[in-house]
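Chain lettering (A, B, C, D and E) follows the sequence in which the chains are written, and residue indices restart at 1 in each chain.
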């Protein structure tokens, strides 16, 4: 079993945002990692798949699942940070203007929901009705169709909107968020049985994340033209460089792969957001993160 | 006979729920609760009212969509069945619609009609309508010619022939279309709540899943299936009530 | 049971030509390429029963439907009570070969259906229907549905429905085909009774030579497709004879035999 | 067409009691609460045709199916050729009231179906079937499908199938009910021919008194439910008489009348 | 419809609707509906590419396996239910329930029970198709002319012979009708499975194109799917017509 392919559960279909991840996978493969991947429609499914042992390693931020279910799930790498942007019509100029106003978010209990909770707390405001539309691109469509005046969307969609119709919308200034949006996690028992694979994987990720911070264009250069990213329609591929340049600049990716720092930020964030119970300071990092592979890779 | 079939139902239900309970106890997966856990979650949600507010939300697009599909679908079906011109023009549309995997269209609907009631009603209609229209049209076309002739020979007017002969004669097939349509409508409503905006029962399912409250998720799934089955039984009652003579016994008895 | 008749008048062929309830003149009917009827002319005297006899598929039902106004002839015309037929009318009632009962309606509503379509009030039409249901021997089955009846009983409901609308002309397409021999005999006697007591004109399709001879005032023998009338036979009035003996009456048997002789040539 | 027979032997009732192909002893049959047959005993002499006559629903089909081994009697037993019946057997063949042809198979396969089920090789069974198809007058229709045939032709396919398996006993349930009167007469004559030329035992259900009298060696009249045999009539052999005249033969008419008299009491 | 004495083929009105589409697309009312011509051009550019062929083979495999399972299990079960009252009473309520239950809600359960790969998608497909196949096969057997069965027994058929020489053929028109509807439902099932379980095959393409507003691509793949479903269902409808000659006279 341990010698077989490791099974990776993605939380979305391969697209520009996953290009860096696939570059890392290619590097890991060159170092002897044997893998296969499956895309799920959302992160909850990926978590479920790892929980039930059908997948080895998954995408997402499974804090709630870790606290509630008896399964020993641990995070090993922070893939991206919660870089989301409140985008509104010209009606609003700053976050405080949204007090009592309706807002459109991804899903109840999801990342954008927690961002909204934290905004409420930090700005001391209260949003009006929250409506939920999964998928940033769908929220962009709703925004452009005038069905909502305020939403929270991810970096690439923010860039898209502002490129198409920058004159009609505002990106509200936001405080910095260090918490994880996507992280790589797996069952602790599995990790221990496959220590070597995990190490190769985390090292590859870390090296890509660091190289990318130096030069975002390595992603498009290293992308395998026959891989899942290389096969995307040219309309999408053409934007890779632009996307990663903006992402690195916007601090979407942590060149250190998260670790202790990210764990603390997450506890703080997800406790405020209501996904973790209890006082953040009493939570133990080793109950949620398994830091050994990252430490080994940083050495 | 009635007693036996009743007991068979009970026994088969017990077997199924028992299997569920056992599978949950093994457990098959951390994400698979037992039957009893799920039922207590159901009771909890029913007691604190979550379930009812959720269904208020879910039933709105469903009822509106099913009502629209039923009226429009039967009307269009009658029309298509009666006029060869409309048959030519419209039935291919519904045949294509029936064959189409409309789940894929949902993102488009969201873009076109937003996330409100409209697009959910639309999803329900799109799922439910084709089978209602096609069944009605087929049944109307297949009305026994001799009954229509009988009506004419006893001087029925055209509207009378439609109301008193064609519709009742077509009613079993229309109702089976309605049944399939309503069930497709339920699928559409749940799909809309899973893929468009998580409200109502779809919200309970996705939210429970995101906070890893699996018993609640299974309870919600169980309740919607139960509701669909109850709804369809109601429809069957209605059919029996409206067209008593259509109920014939077992062919084999 | 009909008692022996002591009516000694013998029909002279052609004696009633003056008063025809229905006249079909030069009727042709083609279905696509199938020529069912060809230039058929036939008169149906008022108050009498005319049988149509002929091989299967020769066009008897077609002729009946043309008279009923349910089908348009390709050529020729039908007159009922002197007026040309353009469509179904309240002066004619049809008893269908396949019964044509509404399966979702009970016996009472089925029997009253003709009246319902004529706008007769519910209580009134049900009273009338009940009377005729009793008359065809179905009393007690008013609430039953067609699928709960035997073939013969269903046929009788169709009969009651046609009788209930009180039309001048009754078009009956093999009305006794589904009932067993014993019941059939009873019906034949009832039919004779009807013909005698009500001044209605009956047009009757049957496959049974004996039945035709037994119940008819006039028998039209049709040729196979394309159909014309090959012969018209007017059995002498057999009704004055004892019903129980009629089947051994030489006159009756002569007619049966002559019809048989002219029909058997079509059976290969 | 069967030519007049010059066979002057008159059947003496009881003369052939010694050799019965089928014996039904004390048969009772209840369906749930419906008592269809009650303690019915009847013997079927070898090489003869026995008709069952009785009101609709009296249990004629039930008796036939019990003899065929398709139904288990509630009480009593049936012996065929001296051996008790426990299920269907190759010594009996059934001609079904509704033909029971395979609609997806052509005439040839239908006629050969009984042999097919017995595992006879294809070429052999088709040769046999072809012979019987020709015998029932369907030569040239081997490749036709049942829906392309008229009712009478379908009936003959069923007959050919039953004949092809060469069973001792032929059980025929209203075999001529679906054909029109003209064709029916021809079939009756063919049947008489069969009885004469093949040493088979026929059990024949019909609703027509005339038909029963015309074709039978012995007629069993059944009472309404619960059915027993009320009377056995052995018409004197009418076959020596001219077919064309038989219907006016006083002997024939006497028998018809006496049966009619005993049956009419059940028709209200 | 008959125009100037010429009978228009049944599906020819689709040409008219294609024209309407083209006009709506050209008017540029909404970017969700690009002109049909553009979609067709995109279709040809997409159709030979590796992702498309991969999606096609993934979808076709899941679909074929799901339908095959539904047919192989559904028909015998349906026939058995039609034959045996006990089996019928045992299974019918469940079959009816699953026919009308919103199967989409069950998909998450399937994922847990059967995993997240192809297996679940195949099972989803099967679940969408099988119930109507069972019900139709059952209905076909229930309306079977009882004398055909008796005839077979009478001429010495064993149960196995009765099954494949009588029951199957006698119920074939209904069975084919059920398979046709089942196949149509299976297309929906396979796509729903691909969207809700793991994102593979055409489901993945739809998701990708919709997320990136590639409308012409989206419609192009949708057309391919329409065409596939339509072809399969018309093929079965043709078979149905082949046996309809005896459907009315059983």
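One rule holds in what follows: a residue touches a chain if its C-beta (ideal position, glycine included) is under 8 Å from a C-beta of that chain, and two chains touch if they have at least 3 such contacts.
Since we're looking at a predicted model, the values are computed, not measured.
The minimum number of touch steps linking subunit A to subunit C comes to 2. Looking at subunit A and subunit E, the chains in contact with each of them are B.
Between B-C and B-E, more contacting C-beta pairs join the chains of B-E.
For this pair, subunit B with subunit D, the centres built from the Cα atoms lie 53 Å apart.
Note on chain placement: the centre of subunit B and the centre of subunit E lie 18 Å apart, centres being C-alpha means. Distance between subunit A and subunit B, defined via averaged C-alpha coordinates, is recorded as 38 Å. Here the spacing of subunit D and subunit E, counted between their Cα centres, is 49 Å.
Contacts with at least two other chains are made by residues 28-29, 31-32, 107, 111, 195, 209 of subunit B. Contact with two or more other chains is made by residues 108, 112, 195-196, 207, 210-211 of subunit E. Counting partner chains per residue, subunit C shows two or more touched chains at no residue at all.
Pairs of chains in mutual contact: A-B, A-E, B-C, B-E, C-D, D-E. On the side of subunit C, the complex with subunit D involves touching residues 55-57, 137, 150, 152, 180-183, 185-186, 207-210, 244, 247-248, 250, 253, 256-257, 260, 263-264, 266-268. Partner subunit D is touched in their complex by these residues of subunit E: 145, 147-148, 150-157, 161, 165-166, 169, 172, 243, 245-246, 248-250. Within the complex formed with subunit E, the residues of subunit A that make contact are 9, 12-13, 15, 38-41, 45, 48-49, 52, 54-55, 135, 137, 141, 226, 231-233, 235-236.
Contact residues of subunit A toward subunit B in the complex are 44, 47-48, 51-54, 62, 64-65, 68-71, 104, 107-110, 131-135, 138, 141-142, 145, 147, 275. Interface residues of subunit B, counted against subunit E in their complex, comprise 4-5, 8-9, 12, 16, 23, 28-29, 31-32, 84-85, 87-93, 95-96, 98-105, 107-108, 111-112, 179-180, 182-183, 186-187, 189-191, 194-195, 201, 205, 209, 217-218, 220-221, 224-225, 228-229, 232, 250-252.
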